[in-house]
Structure formats: C-alpha cells, structure tokens
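Heads up, the thing below is written out as structure tokens.
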Amino acid sequence: MQTSPPSIRDWTVSRWFNTDHTGFSTHDLDGRVVLAAAFQMLCPACVEHTVPQLRKAAALFPAEQVAVVGLHTVFEHHDAMTSAALQAFLHEYRVHFPVAVDAPAIDGGAVPVTMARLSLQGTPTVMLYDRSGRLRRQTLGHLSDMQLGAEITRLGAEPAGPSLDPALAEPAAGPGCDDVGCRP
Amino acid sequence: MQTSPPSIRDWTVSRWFNTDHTGFSTHDLDGRVVLAAAFQMLCPACVEHTVPQLRKAAALFPAEQVAVVGLHTVFEHHDAMTSAALQAFLHEYRVHFPVAVDAPAIDGGAVPVTMARLSLQGTPTVMLYDRSGRLRRQTLGHLSDMQLGAEITRLGAEPAGPSLDPALAEPAAGPGCDDVGCRP
Amino acid sequence: MQTSPPSIRDWTVSRWFNTDHTGFSTHDLDGRVVLAAAFQMLCPACVEHTVPQLRKAAALFPAEQVAVVGLHTVFEHHDAMTSAALQAFLHEYRVHFPVAVDAPAIDGGAVPVTMARLSLQGTPTVMLYDRSGRLRRQTLGHLSDMQLGAEITRLGAEPAGPSLDPALAEPAAGPGCDDVGCRP
Amino acid sequence: MQTSPPSIRDWTVSRWFNTDHTGFSTHDLDGRVVLAAAFQMLCPACVEHTVPQLRKAAALFPAEQVAVVGLHTVFEHHDAMTSAALQAFLHEYRVHFPVAVDAPAIDGGAVPVTMARLSLQGTPTVMLYDRSGRLRRQTLGHLSDMQLGAEITRLGAEPAGPSLDPALAEPAAGPGCDDVGCRP
C-alpha cells in the first residue's frame, strides 16, 4: 500500500524482453502515455484479445507519444510459463513491444511481486498511465478498441503533470479462466 | 466547389430519419464533434462494418460531445433503396442515430447532390467534422475502431474555432463493390 | 396440411432469380440433395450468417450432387423487400444460386403462401431435402458449418428413395428479430 | 517409408494426455473415423483455428463413431513446449480429447519421430483416418468447418475395410510461421 498513486516505476521486474539497449528503464517512458497490460501467455483471453490489441496500439500511435508495454504476471502453471517459453511466445506472436517479467514472490507464493503490489485481480488487466507516470486506469478484462483509442488520446492531450480521476480496479470474480480472463 | 472547407450544413437532404423533433437541423450539431458516414443499405461493407461502427461510437461517446450521423447516398439500385426500404433497414438493424437521405440529383443523374458536392468516391465514406463544423477527414472505406476512437477524441480536445490539417479524400478505384465498399 | 412430407415442389413461387433457362422447375432438383433456406434480405441474421453459408455450400459441393436454393419469404416490410430490391441485393451480395420469391398471400395477409404452408416460424429457416425430394430438416436459425456439411453429406450417401426420420420444426419464440432471426 | 498407407498405430508417442485409462492404445480407435491434427501449442494458427475446430468436431460427432485426437509435434522451441507446458495449455484451452506427444528424434534432431515418418510439413496438419485406420487426408493448414464436416461424414459412411483415394500431403512452403501455420 502507498499514499501516492502507483507508477510504472513501482514494477518489480526480473527481466525485460524487446528492449535492445542495456540501459532501458521505466524512466524512458517519462512524458509518454503508457498502455500496459498484465497478461499470461497461457491465458486464452489474453492471447485472443489483449496481445493483438497491444500490437494494434503499438502500430497506430507514434512511439514518442505512446508506449506499449506488457507485464507477464504468472500466477499459475509456473513451470510452463517460464522465461524461455515467453521468449518463444513473443517470437511466434510477433510481439515487438517491451515486455517485463513480473518478479516471482519472494516467499514462494503464486502471485508475483508487482501483481500483488498493484492488487491486480487476474489477467488480462489493462492499465493506462498518464504522461506523468500515474496510473489512471486498471481494468480486469478487455476494453473495446474504440474506447481504448479514445482513452489513450485523452491522456495524451493532457499536459504532463499532476492528474486526476483514476478509474481503478474492478470488483473481483472467482478464480479460474473464463471469457474475461484468468484470476488467481 | 467552394473556398472554405465544406460543412455538414452544406448537405442537401431530402429527408431525415431518427430525428423526432420537427425542427432538427444541422445547426443542432454545433459545438460537437460529428462522426458521419455516407452509406448505402445494400453496400455489403457498409452493413458489415460501418453501421456497427457508428452504433458503437454512438454508444461510447456522450451525445452532448459527439454526434453520430448517417448519410444515405444512393448512387445505384435507386428503385431498391427507397426511403421506405431505408426505414425498414434502420428498424431491423437497430439504428437509432440520425440518418439523412441525400437529395436525388436534379438532372436525374445517378449520384445524389451531397455526394457529388463533397466529391465522395463511394460508400462507405467516413467523415469527421470538428466542433466548428469543418470537415477534417473524408475517407473511402473503413477506419479501425481504435483509430476512429483516437481521432474523435483528438477533435473533441480542440477548442471550438478555426482548425487545420484536413485529411481529405483518398484516391479513387474502379466502379463496383469490393471489400472496401462501393464506387459509382 | 398434408399426409406425405412436403416436397420442394410444394413451393408456390411468384418468381425465380438466377435461373437462366426459362424452363427451370423444381423437377430439376430431382436426385440431388437440396439445401434451402428461407430468408429475408432485411433480416440481419440472414445477411450475416445464412447467405454466406449458402454461398460456401454452393462453392464446396458439386452442383450435380447438391443444389443450393434460397426462398425469399417476406412477412414484414413488404414495400421495402420488393422483387427489385431483392434483385439488387442478390447482385451486391454476389448470390449466384437460384432464389425463389415466395408468393404473396392471396388474402392479403403478411405471411406468404409457402411460408404458411410449411409452417415456417421465421427467417432464417434452414431446410434440407433428401435425394427423393423429402424434407428432412427444417430449423429456425443457424446451423454450424460443420453440422451442415455433415448433414448434407449424410443425405447424399443415402440411396434416392423413401426416407426416414425427419427432424422438423423447432418451437417458436416471440415475434421480431433477434440474434437467431426474425419471426412473424 | 512403407508400402502400405501409414496408420495411426504408426505414431511413436512419448506420452498421452486426456486418456484416463492406463490401457489406452490406438487400437481403441479401430472402427471409428479419426480426425487428427498435428499442432504446436505456440503455433498461432493452431491455437486460433485448429484447436477450436477439433473441439467443435469432438462436440458434434458421437464419440463411438468419430475419434478426435491431437498430435503435439514440437519441431522448434523445444524448451518452451515441454510436456508440463502442454499440460497447462490443454487445461487452459479446455481440450478434453486425447493428445499424443510425438516422440523426440533419437538423434537429437529438431523434428520428432512421427512427424518425420509421416513427412508432415509443419503445423497445423489435418489428418483423416478411415474406419480401417488408413490415412485418407493429410493437409498442411486449415480446412473449412463445412468441408471437414463433409469429409468426416463421407468416411463414416464407408464400410470398414480397404479404402481408396488418399488425398495426401500438400506441397511445402518455406520455413517459419505464417497465416497457414508453422513449418520446420
């Protein structure tokens, strides 16, 4: 728990993919709107909806204005969704935007560090950060392309600086995977 | 031809549907972004893509900020796409936003008045008007939902007043209907 | 009502489209499996599902073994779904298989003759006739492509002659159009 | 290479999933039509098209007439597509039909044993075996649902016994994954 809204810099990441320069850090995202999504490579709704949507956003918005970032939050099937498996997945699904691997829980628990800290309720979770790095949306499941295009543009039209009105987490449903996604 | 960019008030309309007050006029659109689309009820791409997209936009954006309007530009099969037929179509496809019937050509030609004046190249054509009523996009075919959501929002973030950078008509292709749409 | 199962020869048709030889009759269907569908050109489920499915079947099965036939059963919006309108529809949707126009009710009622005689409950209704011309399936709504492919093939493997086990009409739902189709 | 057409008993399998009785063998498939597909859990076309199609077939056709079987032929990303990963995949994608893991090449090569013996050119490959266990179709890529439903039914209408007309492998394309599938 924290008093200020969580920033993407609060992510605890064990590894980044698709960041070809060694010095990549979340500071590189400063001043840009960030569309992020927590996903798992074996979450059917993530594969069918979220990954294609992130690719569309990365293709549509100029990179200097909007950053698209994945967060691989493995909370089940840990032996199946390894870093090697994720790397193969990103290759086959032609994912070229940066993807962070959420750090495993220190106490050996199922839910990884960032997922727990952000109180994410499952995958996919769509997150929008404004140009000041503040979390403005965190929604379990899928947003329509039209709504996402509108919200990204709305955040981009704001001046960088303090912001308002976070629309945060949706209420939780039971564990398991359904049409919306997977929950721990 | 005209020197100032064409406005939605330049439309020459023989009849409006889904405008339940007699006094409806395009002045009612002042101050709002207007998403308009020229379509024909027997244009397959219009039925499959454009009409559902307009419905999605009408559901997503607040009506006081964004108006969604159809323009029925019949340039072929005039005896099939009558006003009575359009009325049945709008009922069955649950279209509740205003739809204008483009006025038939005075000289008996196939292309109706507004379609000719705006140099529309076929159906569907997506048109975006800014809050000052100026045409800012006119594109034959289909825009992705994400792009459309972004562009509507961008226009909504502009102050009402003089505007710039119209992205106007695409180059024409041959006559007939294909996956993009129908051209006269 | 009748004692023997209804045959496609029982259809009362005011006009055929896509039958280029004057002498076309339903006798030409003898010995073939017939996939038929009652539809309306302004029935959204018909346009989205049924017409494309009929086109797929016409492309997949050899014409000498399987005939694909439409039956335009207008029970609403009669002034919109005229023969001229249907002709334009068939052109724009690239329908090349024969389509019969169900004859209007003699007493001026809404439901046309064949639709009433077959007790069709709405559109779309998928009908399968065996090689002996007997109605073997009559189902309101949509069958999956896989099931339809299987059933057509099963009927084709039967010898022409007396047949069994008709799977006839589904129970009715209320009037109007929904995801299944339109009912009078 | 062999003189008689290859049978499903020729598969060399290191492990079966979704066969809950220890004594399961391919002999259990005798007398049934078998729809089989070679796939990889990280092949996008397999996940989008083939796995859902197999599930549809398993739901549509009676199990005593038609068996649906998967063959996991890993020829790339071997460290990602392990048995543990496949097990998680089958769970998340709700695959309940039997899935065989093709045995790894003895010489350490990339292409597994059965894939090499059947000269499969990539994933997905749809295979149809008749009621006598003979391979009758082996096609790289995707068949339409309607065609597959028709072909399964056609094979089911044949008496069990010697059969004809195998429609075997398609010509190869280059290595990598595309809309059709993945090739080694």
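Chains here go by letter, A, B, C and D, matching the order in which they are written, and residues are numbered from 1 within each.
Keep this in mind: contacts are C-beta pairs under 8 Å (C-beta built on N, C-alpha and C of every residue); 3 or more make two chains touch, one makes a residue touch a chain.
The structure displayed is predicted, hence computed values, not measured ones.
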Quiz item: At the chain A/chain B interface, shared numbers over all numbers used: above half (same) or below half (different)?
Solution: same
Self-check item: From chain B, the most remote chain by mean C-alpha position
Solution: D
Self-check item: Distance from the mean Cα position of chain D to that of chain C, given in whole angstrom
Solution: 36
Exercise. Can you check how far apart chain B and chain D are, centre to centre, with Cα atoms defining each centre and the answer in Å?
Key: 49
Practice problem: Among the residues of chain B, pick out those that touch two or more other chains and give their numbers. | Solution: none
Self-check item: Arrangement of touching chains [line / ring / star / complete / other]
Solution: ring
Quiz item: Among the chains present, which pairs are found to touch?
Solution: A-B, A-D, B-C, C-D
Self-check item: Residues on chain A engaged by chain B in the complex (per definition of touch)
Solution: 53, 56-57, 60-61, 144-154, 157
Quiz item: Which bits of chain A are touching chain D when the two form their complex?
Solution: 42-44, 47-48, 76-77, 79-82, 84-85, 87-89, 91-93, 177, 182
